[in-house]
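One chain, subunit A, links the two complexes that follow: it is found with subunit B in the first and with subunit C in the second.
Let's look at the complex of A and B:
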């Protein structure tokens, strides 16, 4: 890499730097300072310094733990499924199944659908009386299933929509990764009469590990922010059984205008994400280094 | 024929799996499409699957939608288009410039300068708001300017402490995506309200929402464009430098045309993100500049089970992205990629 020095470099980088600084530093300052205060807009209440009071309240609130658990459950199960399905499809496409060109384009479509629209479509498909899925289920002899009105079914439905929408992203990234793997390793393996399963276990999977780790990381972080799908599909219900962290923060912040509490919640949220990210990377680091 | 091509039975199993996933991918899209052509009676009567065979298609939903009986669709569509296009064009442009600078030039600064920025920004804001009694908006503006000026000024001296470089800047940009958007959306709403009190209307305005979208797309644009620029052969630029072509002309005249596929892909990803974004639009707009996802989500609560109308509304949000993806992928496959290599 050659690097040159030219004062013009500052004109290239400062616009982006300023914009991101302006938009990121205020939320940080504002929410960090208010998270130590007790502050409500509706009904109006003067700001009062409470130290770690908001944080303590939240940590003692069973709803916070419930919501964190729900979000974790949705994120981990849906990302796990996305990775398994995405890897299988990417492997199939990379080994030239017939009609690969058509699959390659059409598999990406769900990614472009607005999550809000995807959730609305899901509500129709899962509708108890007018939806096709329940008709299929009845035809197969099942009773009318409460897809959106019973906790475990509702969680399953949300996970299904997440998988439908975001598996394309996993396919896209893994396919790009697969295409960069060199052919000569596979030629050598073919000469040694390695079975396809051995090839997958000893060549493809280890060589794909770095990009897999990155893809799963991105999806996990993004899944923790889930709100629009849940907002439209169940609104957090039944009760609060499908409420996620972002939806909880939205309820507290925008419905109750409980600013200090919401800010503390957002920082706990940030801590949760950071901890999960760090643990995830720490667990996988030895594997990544082994295969370097 | 590559060694990795599947043979025999495995090939058909793989094809079967792909077909199943294709059915899962397409069924919901097919369903929303046919539902938008059903009459209310056909929807309520239970699921039907094939137009002309088990239901008569009708244009009721679309006619109602286009005639404006179902809310301000045309305005919302226009707002979504204007904001989406301008935010993604600007983000791609500004981000590409920054990414280019980060690939081809060296930036060095001390960690201490960055710390000075954060401390002054925090301290200045608290000082202005709590001690000097300025409003939140004013304190924020002063604190920001003071922090920026002092941080840049401090970087002129040889400060102690670790030195940061290009990779740290990229990491800082990308790490902005870790920040839960609910924090940012809510605080931005409050900041925009404060700015509104100072006379700059930002809530429910074109500038406010576009600015927020540019800022939130920039990390991803910089990340993607950096990869594209790193893959470009540096020889062309070096030849131009020997001829004393100024850097800005190298960038706009040589580098940008060469990286067209990358720019198009990045633009597409940004546009899809902005077009479908829900949370910021929910907080930062209320009527005039409302975007499609908000309107579509609203259909749910307002209309109950009027699925024919809801389907048409959802399709208005879905179809433009599909058309754009089709157009751009065709563009990328044809001449553009070749043009870059030549």
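Let's look at the complex of A and C:
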């Protein structure tokens, strides 16, 4: 019989620990080290230590703040819409509205499409001369709309694709949450003559809050990483008006091979996401505690 | 006797086998396996593969084509070259990367640099794009110059001819000047008939700047001052905001207004689709436009695809005197947009002789000619013979289309005034700055002058960051100018 102090445990634990360290920690440390260096592959230049130089350059670069703002705008608006639409649909599905069976089968489809493919479809749909949307507009006597070439329309189009693609995920999670809510609470509320709105406000929403917080958190982080949709639909244009943080990092890293700068950008990106996550959780903590 | 003969023959075969030679292999590269690398196919990779098949049959050697996505290709090649490892025997790369590669490439064997096949390569490639500081370090395997495409049916319509002459005072024909190009675009810009004037790439990251360069080349590539289009070749000061550039950008923006809606999101693929889809009367771009437009499976305008050289100008900015020089004729300036894929052999390769032999086969008139007319290879004409063999092109064009297409391609690579594309270390850093400012100017957020002033300032900053002397030396080499 083995005991807690049996040295054999080291034989099993240490290899796994070392593998985890090598795979996850080493790249992070290497990347962090690179972020303090001036390191360019193109044109090849000898690496040199610049301390916080890359970080200072980035923080003084108006483009960094612009892409941070754009990413934040896309993330917050699209996740907000995903949550509102997702919750409404999940409530409808949970109430077994007519046609709910067909919807359950089909609503997951957008989520299963690769973002690049979704963006390509959107680009075709929004095509001004061959796209069905503008053809319909023309048939109804409206002018062609600059969906992908004017900043506000382009941002709206990207947000629309994000909402179309990821709302099913929100529905799925919230529906699962709704189905775990106990029936007896609703029965008690019904006995007290609580209206459906009161039931939603005082029972459903508060009890769904923990899963809502988690879903929004996951989607927010994922939305901050958006690149493929933007890359395909607008390429970050016009100008840099729809460029996001990851697309900016891609341009610096894979087109200009400015590795030190890109590493610093990645860490700043990590900091931005961490700060947003912490603020988000701090704001919601009292509500979560209250409805525990 | 029969026995004796058989025995002798068997001994002969055994002797040849033991020394490694094989019957029918010329030259014999039995046991030699080359590793060639380029971007993920079909473009260019399929040309390498097609040639590999023929070369393997001819020489009994083997070629393994390793493909990398476009974004991965540069770092894969540059890291293997700088580390000195023998990873690739043949590299096929974008000419803009040449400045970073040339220190690590082997020189083309002398016997490849003579004879009819050598003379057949268009001079701009043979004497400029394949040469670096006097040494021939690569072989062009694709020709890339911008030309002009137009709709023959629209241009030769009697009503159009009359109405155009009434409005503009001269005959409707392929334009000689950029002003005429815009007049034609303006005339045919008839959205109510689902027809627009022109199509060019305007999308950031969608080859847009090469289209701007074509406009600008007509106003800045001065025949007396070669190599002065992008930078002053004496000081490396950016020339990108001089009046020639500003005029080119103004006209490029004007072209965007005469293009189909959403043209600001056009990359070259959409340009071809717009032309082949019959949406536009004219366009500029690479040779693919004509080939796609002539293909009835992909095009609504097959049979009506006309081609010509890029328009030019009778006024060119002289960066030395800082004045417009007026010419008594239109100077037709050809722009070598992108410049064509290059094939080279790293100095670290241990199979250099076989590798150069493969490149010689790949770029031979017969093999490259077949690749040029095979859709999907991405190979455009770069040999004189590619542009003179009408029989070869009659498979995809009508006789008139073929004549015009080949004439335009030939004129593009043999023009007296040819503007070379920018090839500099840190190329993407320079072009990214330009792309961002261009997009702002196209969107009307800044004026052309403001956009180009900003580009000039940032280009000068980049040049200082990368080392002005080093960049100047590379720029002069890329423009075929002697070192200072």
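Simple rule for what comes next: the second predicted complex is superposed on the first by the 263 of 292 C-alpha atoms of A that agree within 3 Å, B and C clash if a C-alpha of one lies under 4 Å from a C-alpha of the other, contacts with A are read in each partner's own complex, and residues count from 1 in each chain.
Keep this in mind: contacts are C-beta pairs under 8 Å (C-beta built on N, C-alpha and C of every residue); 3 or more make two chains touch, one makes a residue touch a chain.
All figures in this text were calculated on a predicted structure; none of them were measured in a lab.
When subunit A is checked against subunit B and against subunit C, the one touching more of its residues turns out to be B. Judged by the touch definition given at the top, the superposed model places A:127 against both subunit B and subunit C. Once the two complexes are laid over each other on the shared chain, residue contacts for A:146 go to subunit C alone; subunit B is not touched. Contacts of A:98 after superposition: subunit B is touched, whereas subunit C is not reached. In the superposed model, A:256 lies in contact with subunit C only, and not with subunit B.
Using the contact criterion defined above for the overlaid structures, shared-chain residue A:282 touches neither subunit B nor subunit C, since it reaches no partner. Within the superposed three-chain model, A:27 lies in touch with subunit B and out of touch with subunit C [touch as defined at top].
Once chain A of one complex is fitted onto chain A of the other, the partner contacts of A:190 are limited to subunit B, with no touch recorded for subunit C. When the two complexes are superposed on chain A, the residues of subunit A that touch both subunit B and subunit C are 123, 127, 129-130, 254. Residues of subunit C that touch subunit A in their complex: 71, 74-75, 78-79, 82, 99-100, 194, 203-206, 260-265, 274, 277, 279, 425-429, 432, 436, 439-440, 442-443, 445, 466, 470. On the subunit A side of its complex with subunit C, the touching residues are 40-45, 123, 127-130, 134, 144, 146-151, 234-241, 251, 254-258.
Interface residues of subunit B, counted against subunit A in their complex, comprise 2-6, 10-11, 14-15, 17-18, 21-22, 24-29, 31-32, 35, 43-44, 46-47, 49, 94-95, 97-98, 100-107, 118, 121-122, 125-126, 136, 140, 143-144, 148, 169, 173, 176-184, 186-188, 190-191, 211-212, 214-216, 218-219, 222, 230, 234, 238, 241, 246-248, 251, 272, 275-276, 278-279, 283, 292-293, 296-297, 299-300, 305, 307, 310-311, 314-315, 317-318, 321-322, 325-326, 329.
Interface residues of subunit A facing subunit B in the complex, by the touch rule stated above, are 1-6, 8-9, 11-13, 15-33, 85, 88-89, 91-99, 103, 105-118, 120-125, 127, 129-132, 135, 164, 168, 183, 186-187, 190, 196, 221, 224-225, 227-228, 231-232, 245-246, 249-250, 253-254, 259, 262-263, 266-267, 269-270, 273-274, 277.
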